[in-house]
Amino acid sequence: MEALKQKAKELLQKGDVKAVLGYAVGTGNVRRPHFARTPEQVDRLVLDEKCTQNLATYLTKHEVKHLGKVAVVALPATQRALLQLVAERQLRDDAICLLAMDGTEVKVLPSGAAVEQHLALKTDAMPTADKAMIEKLMAMTREQRWAYWQQELSRCVKCYACRNSCPMCYCEHCTMDCNRPQWVPVASHALGNLEYHMVRAMHLAGRCVECGECGRACPVGIPVHLLTFFAEESTAKQFGQRAGHSTKLDYALSTFKPDDKETFIR
Amino acid sequence: MTESFEPKITAFVCNWCTYAGADLTGTSRINYQSNVRVLRVPCTGRIDFMLLMKAFQKGSDGVIVSGCHPNDCHYTSGNYHARRRWMVYKDLMDFMGVDTNRVTFSWVSAAEGARWAQLVNEVTDNIRNLGPYAEYKALAVAGIE
Amino acid sequence: MADTFKLTHENLDGLFAVLRKDGRRVLAPVDADGRTELNDVEKPGQVSKSYIQTIMSAKDVVFPKVERLLSYTTEPGSVELHDAEPHALPTVLFGVRPCEAKAFGALDAVFNWDYRDKFFNARLEKMAVIGVSCTKADDACFCTSVGGGPADTKGSDILLTPIDGGYLAEVLTDKGKAIQALAPQLFTPGNGVDKAMIAAKLEQAFDQPALTAKLPGMFENKLWEGQSLRCIGCGACAYVCPTCVCFDIQEEADPKQGQRLRCWDSCGFSMFTLHASGHNPRETQSARWRQRIYHKFSTYPERYQMLGCVGCGKCTRACPVDMNLREHLVEAANA
Amino acid sequence: MTEKNIYLPYLMRITQITEESPAVKTFRLEFVDEVAAQNFNFKTGQFGLYSAFGEGESTFCIASSPTRKGYIECTFREVGRVTAALADKEVGDIVGFRGPYGNVFPLEAWKGKNLVFIAGGIALPPLRSVIWNCLDLRDWFKDITVVYGARSVADLVYKHELKEWNERTDINLVTTVDPGGETPDWTGKVGFVPPVVEQLGLSAENTVAIVCGPPIMIKLTLPVLEKLGFAPDQIFTTLENRMKCGLGKCGRCNTGSSYVCKDGPVYTLAQLNELPAEY
């Protein structure tokens, strides 16, 4: 912890970065994203297993870009998101300055290549509970799955916390905000909710870094992350590549192989 | 009730192969069921999954998506791109409990007039058996106070 | 002042039965997968034992997330309009907290300050509130800073405060009396318990009148930018808020018929104020965050002589990035 | 007991369509319902929500004068979902109208004064309502001047009326187009609105200025008026913030604590100076 603060202060003092984005203690001991721009603000930084938010979300926001270069305290999921953002040309490689923990050491990862190397050291598989839930759903009949999602999605109010908390949902103009044509009904009724979540998951297939932020962000506890996890897994299984593992990978759904194997096209 | 049900089927087809194939069906005077509304787009690469969604949203009981056989795309690779997206989308639909029996993906070339007729007949019979897509239609009124 | 009675646990069971027999649904906080939701219940036994607040507010009873305002059928050269009638169910809200009970007043202010909104009114008329005082508060709560309190009666038709063996019941309004009249025998004479001793203790966090007085002079303060930096611009705060009333009107139609729907909306969304020209009066997230604070603490007092915030803290609990409203208001008050 | 549904529009029949400039059209609308037509009244400055059934509602001012009875007119540019649907309508089609909403231009208070109208581009419609209203009550006022600028000659709206005003002696019309927007036979001025206003040598004495246009035009015109000696309470404008309800409820048109749909759309500069600049 002290090492992290030390490094953060060093970066700020040297003027290498304008802010350090990390975590601080919030309401009732939860962890919240925290922008440290002064040494005093750095002192509020914490990093422990309660820190969950994917901070990469902030790096594509106008307000944050205006700050200048930002160092980010990066969990593995944040690192994956950054790689994917660079791969999608949303961030420049030299805009990266990650602070990652390696045991008790703080490592500064200054480029996509460094992040790739660091990430390669660890595996960060999908949480067991989520994996089990996906398997449980796939073991159901189609009708049961339909009923399950209808039940879950009926709580959705379309606050877009899932979209806005997602590091990969950086579009200036989201499909949900397009009304010529109105692809998805704006209203949060059964149709609007189903189609919104279907579009969101589909737009994240091959791009989801499986951080699960959308599911955590949902105020009414809908496991929306299972949808994007599933879409990502489907892509990975069928096309053999995962999002967030390299700055050089093309988006799986904007490329192809002539021998892509499918079974259902007649 | 079921006897009077005539399925409404929307077909998204590419201009160069399947549309031409369907045209050939007509000029060859092959009879087939008339439940399909054909929507022609330049290439299967243009058939965004949201179009399929829209078809169901607007009351289709079934959807056909069809274009050039692999390696035959007029634009070289549109159908390959489309195929990847269909592969994921079909999986996702199934995961969300949407009835994938109501979507048929196929390749029909400009020379396969008879194949088009056969495809439409099979799909129409299949959807007629499945009945109206009541589940999806019910969404339109659920959740409005 | 209100008539005070005792309502034992057994008698509350009876009251639920009587209310349901009277054709009313009873909505109450229920534990569901670790969340507290407002659900239809049959017996007090189903009501959550440990909740501080439900996640969503009860506002959707009077202001649903999607409601039909009108429908129509069209033919070439003619349109036939159909008025929509709100499908208002007789409802008793049981166990909402005093802060939320008070929030209906803030909704009423907007829906009826000038033109009267029949949809809201029809639903409000069929709703009665049996509030339950808070015996504990959490770090998000700040009702005492915005003129409320853990056992505040405002907005409740009957307010219950937990005591040994049941509740102290204050019957406060005509609607409350009508409920009591359904089964007067269930309400036994009160025993002079001081509810202030039972209610949660919550220190005032900031001086609200002073804050309201200084807000107009703070519009250009850098504070809003600093506070909003971590805001991700979703609508969670607005959608769980019991007083947030902003809405959108959406059209859904096919070539022959259509309907207009009123849907919740949020001032935190960037599209909310976007003009057709592309100009946006509230271009940045900080301007939208500021709007949220000003609307509740400056516009409301000025226009409606009340606050647009009841201090329930739902927004804080729902926020994915922990934008703590109380903390930000304290910061503004001290700025 | 049963309350009125404030969201129900009147049904209006389109009786005339005028193509003003590329993508800009004027509709003349008459009430389908006789009784509604009889009871309908509005004052200049007010606006309404016009609906294209199937697509939704859009907010525009009422562009005709209340002195012209039996119809209302609106002028709109095709920019979004609703206006595109409206642009597809033909004479005889039905559209919806809710209104009139908002406050009004205080014509009574302007009696005996000189009036200067300054408008840019598609912002002439709200002023057109006032201008015709004032022309129909011509003896209430002294000099009436209209300065109207647009990007190009093609972008000028109400070309026939501009011609009529130009020919009338009781109104002084100055038209201008941005440099490069003129045609060979253009007889008006070439230049942006603010310098054109400055060159006119207007006197602020016993005069009110009514300004409406894109934000940049307003921003640059106000200092000119100030220089000419106009006090903030002599300058009027009309705001068009985004709205959904028009009834003071939906929450998006406010600037500070002022609802543009209820307290506006007509404001004096003095009033606007009191509000935060969120418009």
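Labels for the chains are A, B, C and D, by order of writing; each one numbers its residues from 1.
Keep this in mind: contacts are C-beta pairs under 8 Å (C-beta built on N, C-alpha and C of every residue); 3 or more make two chains touch, one makes a residue touch a chain.
Remember, it's a predicted structure, so these values are computed and weren't measured experimentally.
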item: Chain pair showing more contacts of the two, A-D and B-C; value: B-C
item: Averaged-CA centre spacing for the pair chain C and chain B, given as whole angstrom; value: 46
item: Between chain C and chain D, centroid-to-centroid distance (C-alpha), Å; value: 39
item: Two or more partner chains touched - positions in chain C; value: 65-66, 248, 250, 261
item: Per-residue multi-chain contacts in chain A, two or more chains; value: 185, 187-189, 192
item: Where chain D touches two or more other chains at once, by residue number; value: 80
item: Category of the chain touch graph - line, ring, star, complete, other; value: other
item: Pairwise chain contacts under the document criterion; value: A-B, A-C, A-D, B-C, C-D
item: Chain D to chain A touching residues, read off their complex; value: 80-81, 84
item: Touch list for chain C against partner chain A, complex; value: 33-35, 37, 55-56, 65-66, 138-140, 225, 228-230, 232-236, 238-240, 248, 250, 252, 261, 263-264, 266, 269, 271, 284-286, 316-318, 320-322, 324, 327
item: Touching residues (chain side chain C, partner chain D) in the complex; value: 69-70, 72, 74, 77-79, 81, 83-84, 110-111, 113-118, 121-122, 216, 219, 245-251, 253, 255, 258, 260, 262, 265, 267, 272-277, 279, 281-282, 287, 291, 294-295, 298-299, 302-303
item: Complex contact set, residues of chain A against chain C; value: 26-28, 30-35, 53, 57-58, 61-64, 155, 157-161, 163-165, 177, 185-189, 192, 213, 216-217, 219-221
item: List of chain B residues in touch with chain C within their complex; value: 58-59, 143-145
